[in-house]
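Each in structure tokens, the structures are laid out below.
Look at the two complexes coming up: subunit A is in both, with subunit B in one and subunit C in the other.
Our next item is the complex of A and B:
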């Protein structure tokens, strides 16, 4: 059996799993009243197309990383194109650290100060990024083996309190597409954007297979649907939109009398936190790899330490949850750029590269 | 890389890991189990000065007594808990709270605030059961304390699905109450209990809760029908005309809904599978079926008329109109549409078996 390409696909799936179930449902509930599946399908389709273009572009450009690919067009183009990426990933890490630490204090570490959880999150991400991509890829395989069963178990049981009538109406006659321009909807794209950018920076030892990437992508679709529809079917839209973390509330309602443990939420949360750690690690690694290209004269380790301390300082400086929401709003243009423009440019450059290569072979 | 550098890096890593040990323990949240008290039941009532009075039933860990009941009055629930915590040698931890009992007077006044508070603070599990006490909570808890010689968690067992729960009892949790407050179409029923004469607890039926306020009351037989509607009636026993008792084995419900001239119509079909337990006077199978169907239909009709008058949709019938009404209209479901609802229930019963005896 051909095993190449699995690692990249697994890292991709794990990174997204760590993101989907937390902030996404609540953002989508505030963006849409009805027909949530339309919103999910549209953004998912865009995601799949972007992923395909990105992977194809990379492959056509024959195993070089994004920075090189962009560099082949001009000298200042990579700077212009990748500076937003640098900024975006910095903000993405800050938001993730801050939001996840807030969630952990809400769910079970009620008296632990926020900074301690943030420090823990960033230091684990730091350790992962320090070890490099190949070690993270191996870790992701281990994480999948360890945590798939608890996650699937909890997901199956969370259908316990489902009322299928909340699914109706499947299509609202007056359905409009105004939600596409709503800030809340654009914020919800957080889970789709940027999670696959790392593919362009992979070392040659980790291969990418288009087929396996698309399979992984297909696997994520039910997860996007579940993260929104489980709370919706349990509570109904009117109640679900009141919760900060609808998915966790849904799992809190699960009552399994024969299970030794009272609340299964902890299992779910901790499994997904492990996935989120990997996301943080990968993002930090992407950030360092990009920064290394930008300032090659500083050693990578020094850069990593400086970045970690800087990001930690900023995430501590964020005063409250509302501020975090505003920050999410500010980076909407950056997010759309990461989500749609970068894959498109990669695709175009890769395509040109391929044609040029074809022409050269024809001539010779 | 030479050997020395490898050793140096390893050393640095070990140092880093050691430095992280304090965070791994989560030492801020550590609290010994014998420094916690874990109440199982919380009682809340309103005093005459409009303050909350909170009772906590804490199973004792020492030999002499089995249950500890503490109470305190104050303006907010959290403040009271804090106060109790302050005056006790251990810290009160609501993580394992199983049942919240409120008194009838409080339930009539509206419980929206405390339910929102429960959902906001994550100390209390959203699976916690809700019940209403028919008598004053002072009386109720002192009776409980007197009767709990053997076990501290009688009330908990009473509601536990694996122990004392019957389909004649409503089973409503905090998250369902919260949903009923915010949902356009769902209302709930909550069991009404009091301390009993021979048994520790007696069930008095269920309260109809609309938007967090108790608006009416139904009996325990009617609760069974309501539970059948929710699909939770299996193993409930129904007595027909003082002569026969049947047990429900399973139930299935189908609905057909439509709108005509802005008036909602709903036809439901309840299929019951029953087994005969008791038969006095030798009725034929046909007679039993007929009488059971008539009995259930009339019970449901009565209950439906009552809730329609109170505009409390405890059967969540509005759910079946999600396809016919838009969100704005659903918002007015309880006030505009539900009172006009034309609802007919058709009951079919199948007698699955007659137990060990061949004929009746």
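Our next item is the complex of A and C:
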């Protein structure tokens, strides 16, 4: 129903908002000691370029499905190219569910077993993926309307304990960009990679507008900065580095005397969790859509149920936080592939397609 | 057996059936009809006035009857539906000519009065009533444009009812109209006595938690819906306009809001949205805060809540559910009861039960406040059927809050959002913008 391109942009922004504030800051703190904005800007620029290439590639290829676009080049190419994507999204869901349930236990459900929270997360993701992309797109609009105000409210108040001296030094005197190769930095790319892949699988009823996507992307830049700089300015690098979830610790320090509630963290966390639910739903839907293309003879609903049960089983099998860290380290190549290679290939194929189309119109 | 006898045989169990002979010009004519629907003396007087005024005095019976009404075949099958509709049948036995006349009918409808289930502050206060033609007349007064279309259908085989489909030709999306018309034509054999049967006929989701139709007693709301490109159904003997499709903003907006200054209109709508949020979230929030996440509250507040719940023997979940069910009972009872008994129930429910439940330490003081607020807030939405949806959603939140605390509350909200995002009626998503028409007022 949406012809203006707002829905796709909103889903994109919401998915990333659900990711940015949780795992990203601590990964970046362990990757860099000072001048964090350089790291953020580099990865953000890459993200924006990748997004632009991906969207342009899709549009040039006449808004076709990304699987069809890859299929137009060769028969086995989609298999070869999209199998890593399948694997990556599977791992991404597992990591997200596991990490978020750990965090939720930490913050406010100390006596609830981990598996129960994981079950809740995956069942809601299942519910959303079951309904399909158009429903999720509409849901995302509603979620934005409901949860933007608490997030902005908390973000504004979280400047309460800021010490601006922690901003310094702005640039590391001996900046050597060696952090770019650090595993921790590559792990931090988690929030940049793959979040926009779903654009390539959107049904024709949802259109993508390059302008609105890039506007959405621009909106995310301050969020990336805030997620790192709020903890940094509150605690300083040395302390912030020690926390597993620096952003949540920052917001825990906020004290609003006139509010009924003691901990505003909970509102921030919950609002972002609503967005994270959508991210999980979208990712699960991407997985199912890809899997359906791979094995078309199995009904989609059966695939979805099987995938959900499988992912849940794997995510409860992960024994501890360290194991999760290792897992994140393992998928670095996959992540870089999702982040840089897939948009590039889409761009190239789209460009070729456009040129071919131009030539045929010239001939006729 | 001639027609008169077979009619008498058919209607022998109907005490209101009459068959009298009168003289029209030179003919003896039988006048047949139902006493309960036809004002006989006045109708006969009117027929005689009409015939006595005729210039030509010697018309054959067929021509004479044609002037008075519509000729029908003189057999049971074609006469009986006319009689049932309240028409008067004139039968000239010698020639066997028969005609159906629109008589002066007994008045079986009330006059247009103020609405009973919806109230207006600033706005027209006439309401629809049971008679379909009056309804359409009232609606036409509100929609004076030429694009208003009224299609009539007779639905059902055992108890036929007239069903009117009303729309504005230049506003409605052609696909929506065509799909509705096709569904109606395919389902004309089904009885349409109530809304569930109409849902059946149109193939809508029968188990939906959000309402498929908006029903309104107020003509201005129906006219507004037509303006927005929706369709309105009218069923005979049903004092409501049934608006399809129902969208989320219909919960918060009504036509009369436009009679307020614009600022107040938006503020009032915002208030309704807040009302819905409070009504769905607050009971769940209470359960979550009291039983799972008390640390979220300020210490003093948490202590005072704990203090008020000190002697309550069971968990907050049971406590809330207990009182909520009592409240639902009161609400349902006060709808059912005659107006003279209603206030008693309110008093018993509100003062005696509420006060006693607290004194007996069955529920905490705070819960009474929470639930009173909830019940009031859930009535701020426009339309009773929307209020029912809101009432249902809060139970999901209470159950999830009792298990997962604040996280459960959030999960419930997300589930409700996802559910609303998934709902569609006649292909139009529940979460669409209120104007369905493609044409814009500004650019034609």
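To be clear about the criterion, the second predicted complex is superposed on the first by the 361 of 364 C-alpha atoms of A that agree within 3 Å, B and C clash if a C-alpha of one lies under 4 Å from a C-alpha of the other, contacts with A are read in each partner's own complex, and residues count from 1 in each chain.
Quick note on the criterion: a residue touches a chain if its C-beta (ideal position, glycine included) is under 8 Å from a C-beta of that chain, and two chains touch if they have at least 3 such contacts.
What you see is a predicted model, and the numbers here were worked out from it, not measured in a lab.
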item	value
Which of subunit B and subunit C A:295 touches, first, second, both or neither	neither
Touched partner set for A:143, first subunit B, second subunit C, both or neither	second
Touching partner for A:181 - first (subunit B), second (subunit C), both, neither	neither
Subunit B versus subunit C as contact partner of A:109, first or second or both or neither	both
Which superposed partner A:238 touches (first subunit B, second subunit C, both, neither)	first
Common ground on subunit A, meaning residues reached by subunit C in one complex and by subunit B in the other	108-109, 112, 116, 120, 127, 262-263
Residue ranges of subunit B touching subunit A (in the complex, touch as defined)	16, 20, 23-24, 26, 28-29, 96, 119, 122-123, 125-127, 160-162, 173, 175, 178-179, 182-186, 316, 319-320, 322-323, 326-327
List of subunit A residues in touch with subunit B within their complex	33-34, 106-113, 116, 119-120, 123, 127, 163, 165-166, 168-169, 172-174, 235-236, 238-239, 242, 249, 252-255, 257, 262-263
Touch list for subunit A against partner subunit C, complex	1, 104, 108-109, 112, 116-117, 120, 124, 127-128, 131, 134-139, 141-143, 146, 259-263, 266, 270, 273-274, 277-278, 281
Residue ranges of subunit C touching subunit A (in the complex, touch as defined)	277, 292-293, 295-299, 301, 403-411, 413-415, 417-418, 420-422, 429, 431-432
